[in-house]
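In this document, chain identifiers A, B, C and D correspond to the written order of the chains, with residue numbering beginning at 1 in each.
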Amino acid sequence: MDLRDSAEEARFRARLRTWLAENVPDESEPAVLAERWPYMRAFQERLYRAGWVALSYPTDVGGQGLGPMEEAILSEELGRANAPTLLPLGHLGRPLHRYGSEEQRRRYLRPLLAVEEIWCQGFSEPEAGSDLASLRTRAVREGEEWVIDGHKIWTSYGAFADYCLLLARTDPDAVRHRGISAFIVPLDTAGVTVRPIVLANGEEEFAEIFLDGVRIPAENMLGEPSDGWRIAMDVVNYERGAVETGYLPKFARYLSELGEVLTASGLGADRAARLRLGRVAAHLEVLRMHCLRTLSARVSGAPPGPESSVDKLLMTAVEQELMDLSIELVTDVGSPGRAEWFDRYLYGRAGSIYGGSAQVQRNILAERMLGLPRQQG
Amino acid sequence: MDLRDSAEEARFRARLRTWLAENVPDESEPAVLAERWPYMRAFQERLYRAGWVALSYPTDVGGQGLGPMEEAILSEELGRANAPTLLPLGHLGRPLHRYGSEEQRRRYLRPLLAVEEIWCQGFSEPEAGSDLASLRTRAVREGEEWVIDGHKIWTSYGAFADYCLLLARTDPDAVRHRGISAFIVPLDTAGVTVRPIVLANGEEEFAEIFLDGVRIPAENMLGEPSDGWRIAMDVVNYERGAVETGYLPKFARYLSELGEVLTASGLGADRAARLRLGRVAAHLEVLRMHCLRTLSARVSGAPPGPESSVDKLLMTAVEQELMDLSIELVTDVGSPGRAEWFDRYLYGRAGSIYGGSAQVQRNILAERMLGLPRQQG
Amino acid sequence: MRFALSDDQQFLQKVTDEVVGQALAATPARSAATDGGELRAALWSTLVELDLVALLVPVEHGGPGGSLTDACVVAEVLGRHLAPVPYVGTAIAAAALLRFAGGPPAALAGLAAGEPYSVLLDQHLADPDGPDGPDGPDGPDGSVSIAFDWVAGARGVALSPDGVATTYELAAGEEVDDVDLLHRLRRFDPVPAAAPRGDDARRARAMAWTGAAALLTGLADGALATATEYARQRHQYQRPIGSFQAVQHLCADMLVDVETSRSMTYGASWAAEHAPIDEAMRVAAAAKAYAGAAAVRVCETSIQVLGGIGVTDEHDAHLRLRTAHLHHAAFGGPDAPMLLLADRILEGN
Amino acid sequence: MRFALSDDQQFLQKVTDEVVGQALAATPARSAATDGGELRAALWSTLVELDLVALLVPVEHGGPGGSLTDACVVAEVLGRHLAPVPYVGTAIAAAALLRFAGGPPAALAGLAAGEPYSVLLDQHLADPDGPDGPDGPDGPDGSVSIAFDWVAGARGVALSPDGVATTYELAAGEEVDDVDLLHRLRRFDPVPAAAPRGDDARRARAMAWTGAAALLTGLADGALATATEYARQRHQYQRPIGSFQAVQHLCADMLVDVETSRSMTYGASWAAEHAPIDEAMRVAAAAKAYAGAAAVRVCETSIQVLGGIGVTDEHDAHLRLRTAHLHHAAFGGPDAPMLLLADRILEGN
């Protein structure tokens, strides 16, 4: 155990801090997505040009050849500097890197990491949510093309994306998660329609993608036929880890804002409020420590496994507890900021649903980590 | 809606209050069961002689011919008078009354209600807990006798009982809950061994009953062959209702004691403690109101159904919340009374297990009240 | 003792359910968030015509002479349908304040005739022992400025410092950006006001709390119905999700919350009107505290069962959760009832 | 940054696990409640022989020069096995107090040699802003009287009012009837004491909190193992109960609690010893608060999975729950760490 930066890590952190001090924009993050997207994208481009993106990717694909520790330091320092939220797209580079052909890696990976081309993830469908293996989108081979028909949903930032990493059924006879393949789909192909989904808090970061006779070249399959499930599980496990999502600094900022609310309302000395605040603060420390542990385990290079469901459940629990606290503390109707806190709280309710519902995460832990007997039926 | 006593109910309550003022013993309930049992029994005998027991049973079997309202008033007034806890045996009279032959009712019901003969319930087995239908105790007909072999567990007050209402499998070929019959087993019969179970809090109110070639007369079957399951469900539904258990007054007393603890510790003005206390107080009001509603529904005479699982889950939740509060408020190690509160808290953990675990109650509500599709497998 | 709805009340429930159900089948509740008040006004006049708004107005002032239980039956149905009308504010809270705290007879008669009244919220006044005391950040000592369940043309009602229900013209004012999209709040120039301390004002408070509890119970019941319906139809892993024990248990916990809230609310609907004032306050406080927390819990769980669609703007689930939060917070904040109950116990020692 | 046990620490974990496991397989932990101290003494001398008790004693006073992480590895194993030894009190809390708060060198040497030391609990002192303040009901202002993890012959250690760790002969005294049956408390004549305010005393407090968190993590891990083992074997409805989703999800929630407690505890085991004092306190406070609440929750859930046998005296489940509650409450009560964390945030504003 040693939570100190190594000499190398310390140098990295110092350089990063200096850069952030000069480059984090003064204006704060716009609330409306249409303004927030270019704001986030511009900062991420600036980060990339300065060499702070794709830290743990090899240099030959546009990364920095560093490790997960540097990714963690980046996440911490961005939070400390109150920097714009990063686009949560880094995990889509992983499957491209791992399963892509030489040509695919060369063609797609660098523009993805450089934020020149935006990617999204086409996994869920209206009838295939937690049960991803029941997906119905199908791809049929016709000569040198695949013809894709289907309907994807819950695609993050789909409205802004250029490419979609899409799952489709290529073998209609294979059962469930066999027979699924992964494709690289340019979203400007004829037959693709993208429609934003408005969330309860007004957010439009998700979208639906309709695919109607969409033709893509045969070489746009990622990996081998029927590799789709394996690729999807890799992505999902990365997605579940807290580290790459930038949640940690965001939560810390929220907590500090709640402290300000308390102080302003004169409740700072109230023991009930202090106990609640302290409880959430403890949970945030737990999230931080658990992320450090997860990161350390990743230094070996092994992709995350079913234990990432612990990370996901923890992250969800911390977010929901934090948001519940905000609703408990900001209860005077019409008090300033109440509607904004409520929007965050509403968004937090989605945490136990997307990326596999809390129920699915518990199934995974029970059967794959604890070895309990399979549920019957 | 009218929560006032009717004129008749008001007269009943007034008479009862007068009697209780003169008859509730001054010395408080002993903590140790060996002393508490005779204390409880003596008071219940006194209650019976004065006509306050079996209020809602017909007069011809030793009851008072009144209704569930009077039972509720009794429960309330006993609590208000800080009277000894009633023996929770009243629900065993119900199946005797409903399913018993003329002769059985004549022979057993009055001594049961009069506390002359103590009854217990032989349902659960080591391998048949929540899944009562998997019970293995068997009764084989030999001439004019039944021969019973098996092992019962979690029998309340089994060590003090004279008779056991026992479930046994009489048809080994019938599946699960078919083929089970109910018997009246005198516990002084040869082959019966009763062994107390010591609970984590030191309580010995439960017992195991071993039956080894126990022979009872053929006429000791209650109801028809294979009526056992129906009889058991009746008992269980009565048992789940809060009204006949005397919990309500006990909880109110505990809450008032916790108020004293708070006042004594100087935490009476602490908002955190007051909020917690108020939350539990609200839940106690809910329990009271829900019991009144259940009672009103019973005025029609219909036995309770699957909705009694709401009562049971509510009662458990209120008890555990109350006990959690006590542990939160009495945290100074070694502070006076902490060990006693802890014993009550430990006992509260059993509330979500006995009488059908909380999980089983939720299954019942989901499938039988909400009509959700049956669990598969 | 009789804890059950009378035949008349069951009829009232059925009629209200049909009328409101039909109206909202034609025009969904959510449209009230953007239609400039059209649906709200249409639904309100239906309720006025059926004499449901005037239930708490005494006969001598033109009301039909109903009980708080009657009004709670209506409020529960409105909550179940998520009806965007100012029923709790006008027909229960304002009516009770005018009736018990000596409000002007003309106002009661106007209310009976369908004139809208909006309660000026005393969230900063309701907890005399709270850290805020009666001095809130909204204005000078003991003043109120936020109108609850406001509609265009509504007069405001508040308890003036002498403890009498007083009405105010609410000419100007600005929309308040709170969480509920179907029940409106509007901020006006502060008027002086007192915490409900006298017995009459406390009775009115108990009735407002109970009315909110009834609406909250209805909201929860609707959320439960939506979730169980979805759980029966939605298939994942080749079976209805309602056949999974995890989903079943979420639904069962919702049912417990709904049924126990209902017991508490109807018990309080009798006690808040008829019991001695201390008991009325105690029982109403329990109803408000419990039904509020339960409704929030149930609406959250319902969203969990609904999965992805439950967090979209187009589904009503968030509208329901929003309305639950507003009513949980209204009339003194969520903590005031619990603090009152605690102090009862502490005073007893 | 390296968040992982070293090879040496994994070896330490393995050896401790084997030694303690063998000892308790021969004589069950529960016998310590009634055997007059026999098992406790036997197990303790094994730990002393292996130099596990002296891990925090500096080399110059005869210790092996271990780290707090080493001691937490041992404490976690002891918790998992429910070992009835005064490890947290003597080997972590007392050792840290003697070492950091200028305790007499002879006491550290004695501790290294296996002499028992018992920490005098300052539960009434630890929360300077709490309603009690430093004046507890146990004696005059700033006095302590309850010895934690007491064994026959133990000397007491407390922070005297000048902020220095001081030892006391504990001649007489009476057994305290608290909740834990395996870790003993004894009440003595009060001695004057101070809250841990100086940096050295706070470091010792951070280490005691972290040690308790390690024991609590082990307790929870053992409870989880017991429950999952039972869920695999116990059949109801003709299938293992562990195949029911409701049981699976209870177990999954326990696993999340255990793994996250573990992350927090080991993170704190480094920070409490090495980080700047404010960070050390913050992280240790989070570990104590979180692992305490999690262990209680997990031990309760484990009982639910065990069903009837879980609430009997003969099963260890209640002993585990009892030990969890004592350690959750020790060293200042369950609230002190959370209040400290809250005040950090509030001071930041």
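Definition applied: a residue touches a chain if its C-beta (ideal position, glycine included) is under 8 Å from a C-beta of that chain, and two chains touch if they have at least 3 such contacts.
Computed from a prediction, not measured in an experiment: that's the story for all the values here.
Comparing chain pairs B-C and A-C by the number of C-beta pairs in contact, the larger count belongs to B-C. Placing every chain at the mean of its C-alpha atoms, the farthest one from chain A is found to be B. Annotation: 38 Å between the Cα-based centres of chain B and chain C. Chain geometry summary: the mean Cα position of chain C and that of chain D are 49 Å apart. Measuring from the averaged C-alpha position of chain A to that of chain B gives a distance of 52 Å. Centre-to-centre, using mean CA coordinates, chain A is 39 Å away from chain C. For chain A, residues that reach two or more other chains under the stated contact definition are 270-271, 275, 359, 362, 375-377. Shared interface positions of chain D, defined as residues touching 2 or more other chains, are 131, 239, 243-247, 249, 335. Residues 270-272, 275, 375-377 of chain A touch chain B in their complex. By the touch rule above, chain A contacts chain C in their complex via residues 124, 127-131, 134, 153-154, 197-202, 265-267, 269-270, 327-328, 331-335, 338-339, 342, 346-347, 349-350, 352-354, 357-359, 362, 377.
If you check the complex, the residues on chain C that touch chain D are 244-246, 249. Of all residues in chain B, only 1-6, 9, 69, 72, 255-256, 258-260, 262-263, 268, 271, 273-275, 277-279, 281-283, 285-286, 288-290, 292-293, 295-297, 307, 310, 313-314, 317, 359, 361-363, 365-367, 369-376 touch chain C in the complex they form. Of all the residues in chain D, the ones that touch chain B in their complex are 121, 123-124, 131-132, 136-137, 146, 148, 176-179, 185, 187, 235-239, 243-244, 246-247, 300, 303-304, 307-308, 310-315, 317-318, 321-322, 325-326, 329-330, 333-335.
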